[in-house]
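These notes concern the structure reproduced below.
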């Protein structure tokens, strides 16, 4: 369970009363505010606040380009133009603040995106809850035999059972000892900042994460991608749904130009030109390495 | 005049209709939204959007410190604690977007603060207006004789008159030639991106500038300081008034700990300790250079 | 002239003595150190310092991927793999520090790249030299009639002569008045921080600019591009030559995947797939706007 | 043991051959290059590369302030002036690249400093070694009874023994299961990216960390501070020793103005002024809260 009854009551209370504002309002985002979107077994993503909408992107672009943008007939066309030409600053004019509950090993990947503001729950000050990510059996993937970084088929049978038993048992035992070490009943109690080192990387943490739309798109392009680790991808996918409702035009452009697009090298473009003229191009005649050629085939077939 | 009648009508229209939101609302900031606060002869600062309030700072801090912050009785106490101990991340959870009209030489100082998002009016695409900053005679300061960076008394008489005549005359002539060069009547017309190079640094530009509260405080500490150049200081001071209304508790802490405070060196602290014990300390016995001692005297007297 | 005889003597002295180091050394870069590469009429780019080489990129990647990178046979292959898959952090492990002399209107574009360290000559403290960028007649371009942002053909005849006369005359007059205003002979002298506002945007400034290789490539992709303004493009091109000598493998990958490559949208990729199957695709059946289709044709033809 | 015999041989080989360079060289830093400074039970800090020295800081400052800095007689005086007045950009002109081996819970604190470049060992691709931080008994601190964040006295006797047994036993068991889960002998083997979630936060990781001197000083001020957690403080202290040898003048200024200094609030300064005039000031008459007053006493007594 991701959200406690107390948290749900708090969410309901926050959603019960609106207040008037003169600011830009995104109705799609208002519908999401404060609600917890469940992710994995105990995690969630919640929108806590936002700034701006599709119109705010255009407004900022028009400050920059002034009369120069008149020729683009409408907001959606302008947004697509900006995305296509990597004019990123107008997208930076929108901002979102999320509350995320996630396993520590996911948090460690996530935090590598440096252009965001973060307040994380501190295990120096406070005691972590007994909540661990235990993969669904369908996600208990074997190491890929092709790819150092990838996953193969899901484990089955006895091997799967043993893995789950280890993950559950070790988490439980480490947490029992964590609690025992910090306990102040009949003993001094180890400092929290030390005791936490006994906790495995599937324990849940939480944070407030605030980011502008340009940098969020960069995060989503990498983390909602099929090569991203499943456990972070599901968070990215949940955020994608939110962003689609928040700034539909910007999200549409992002889907077409970033998620659905591809960057081709000079060599790859040259191959396409030759192929469109009817030439049969092979890896050997392409000038590409085998790896590049395989990836290129994946894009054009 | 800073704002044209068309702009004023647009501001009035934007302020005429409120919409309901579930987000945190700062009443003090709602009163500022869209309005133009005049700065210098043709400049302004306008709040276009904001995110968060004093409570949002505390909310983020409490995510981090959890039960560890219970002991701080109230929000204001917590905010002062965070400011005092340089816990900057909760302040990053608030964001503001300003529309600023300012002379180019001020913009050049301002942009050195890299941790903000900017969309500036582009003179590659668009034509700049004929608006130049001409200092008020009271601000026509002489070069300081003490300080390479500072200003002395205001110029007077014939010298002041000559300076004003140069500033006005050169601006007018450069702009006349700018217009003539880009004109397409009876000629091809020079590219805008080239013609702009003829315009002096007191021409006005404008931009959207979006920044989080922590980085805004850093900007204000440096630019609302008495050592900052007058022409950027007046912008910083206008923004201070806005921030005071937006997040009164955070602004109060900022005023006490940053604007009104001072960082003392180890040597300076040692001198204070000796002086409080009754010792007479002089520059010679302080271990400080003359410059440091003079600055130290300025702080403690 | 870009470099004074005094500066040249200083450069010669700096190049006259080597010292032993245990650090990674790039011979290609040592050949550039301190030398001024002339750009525009009075500008230059000089390499002041650098850190790392192609091997340093691989070394950092191998820390990350450990045994996972064994399969990539050599450094060049690894670097191409990193570039192709947007693994940017190993490129951040190289750093370069440049001394650049450039017109103010170019500096204003350049500084929008925020992920660099900058120390600029301060006209608050010091007096600017009488040096202005005056375009070569071949670069005196007309405003494009197609594109708000672009340049057309070079102006000719009387119009060109008039433009040059304005640029030269206004710069000279503004500088004369600048000098007169700050003069302390027989008068107080206007503060430098004020007098500078009379100077047009083609005056030269200079700065130290330090940046990592990943962010430098981002800068070069945008500024060495054919759509960049000529006056910044020539700086980017000069830097490209330096980078090619510094990290030849990384630069080669950058050329192929970034400068020579293109990002295609999902729609564009779908069109290519249809065309490769023999279908005749037109703008009308492509799902693209006219602008997108024109750009797409530019890439594949 | 921090360094394997193979690693030591590699270090010796790297230190065996110098090459000539025209760049600035810091002899103090050359003596550190590549060597592993042991930290904690298995960790280390190694300097891999550096750029700049004290003179480079002054050189950059002199580009900015030009003739304005002539009055400062020497480099050390200039560096102290820059540090005192928070002129941070010249310090950004120096850069250092470190190889650090550290426990994961320390890495999680460290990475919150966003203005650095990082390449971390990836447990998605590679297999982590069986190395865990086990505190020295003298560092097995109890939770502070005063301070949510702090440490009290070291645990003793049976309690200490039990804590050590838990930390060692759980780490060993979790690692045994990690190895078993990823093993491909007689089974498929769990994906590395999943198996790593079973490892506790005291396992060692390693990374390349590159940062400029200004941001490094910010890191050191926070992490070499007595309030920092011991396990990160020892890394900061090791780095302090390196920086002292690299840029002695800058480090001296940092020690006096940052590490040994203190920022006092407006209220605190007013109290000092009253006290220096002979007034007896108490917490009640100071205008400070109890917490502030206690901290203030700590500074001035």
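Lettered A, B, C and D in written order, each chain numbered from 1.
The criterion applied here is as follows: a contact is a pair of C-beta atoms (placed from the backbone, for glycine too) under 8 Å apart; a residue touches a chain by one contact, two chains touch by 3 or more.
Remember, it's a predicted structure, so these values are computed and weren't measured experimentally.
The interface holding more C-beta pairs in contact, when A-C is weighed against B-C, is B-C. Remark: subunit C and subunit D have CA centroids separated by 34 Å (rounded to whole angstrom). Inter-chain spacing, taken between the CA centroids of subunit B and subunit C, is 29 Å. The distance from the centre of subunit A to the centre of subunit C, each centre being the mean of the chain's C-alpha atoms, comes to 33 Å. Multi-chain contact residues of subunit D (touching two or more other chains): 65, 67-68, 118, 122, 125-126, 148-149.
If you draw each protein chain as a dot and join the dots that touch, every dot ends up joined to every other dot.
Interface residues of subunit B facing subunit D in the complex, by the touch rule stated above, are 65, 67-68, 71, 77, 80-81, 84, 86, 148-149, 222, 255-257, 259-269, 272-273, 275-276, 289, 291-292, 295, 299-301.
Listed in rising order, the residues of subunit C touching subunit D in the complex are 14-15, 17-25, 30, 33-34, 48-52, 56, 59-61, 63-69, 89-90, 92-93, 95, 97, 99, 117-122, 125-127, 206-208, 210, 212. Within the complex, the subunit A residues that touch subunit D are 103-105, 108, 111-112, 114-115, 118, 124-126, 133, 135, 139-144, 148-153, 155, 159, 162-163, 166-167, 170-171, 173-174, 177, 180-182, 184, 187-194, 196-202, 229.
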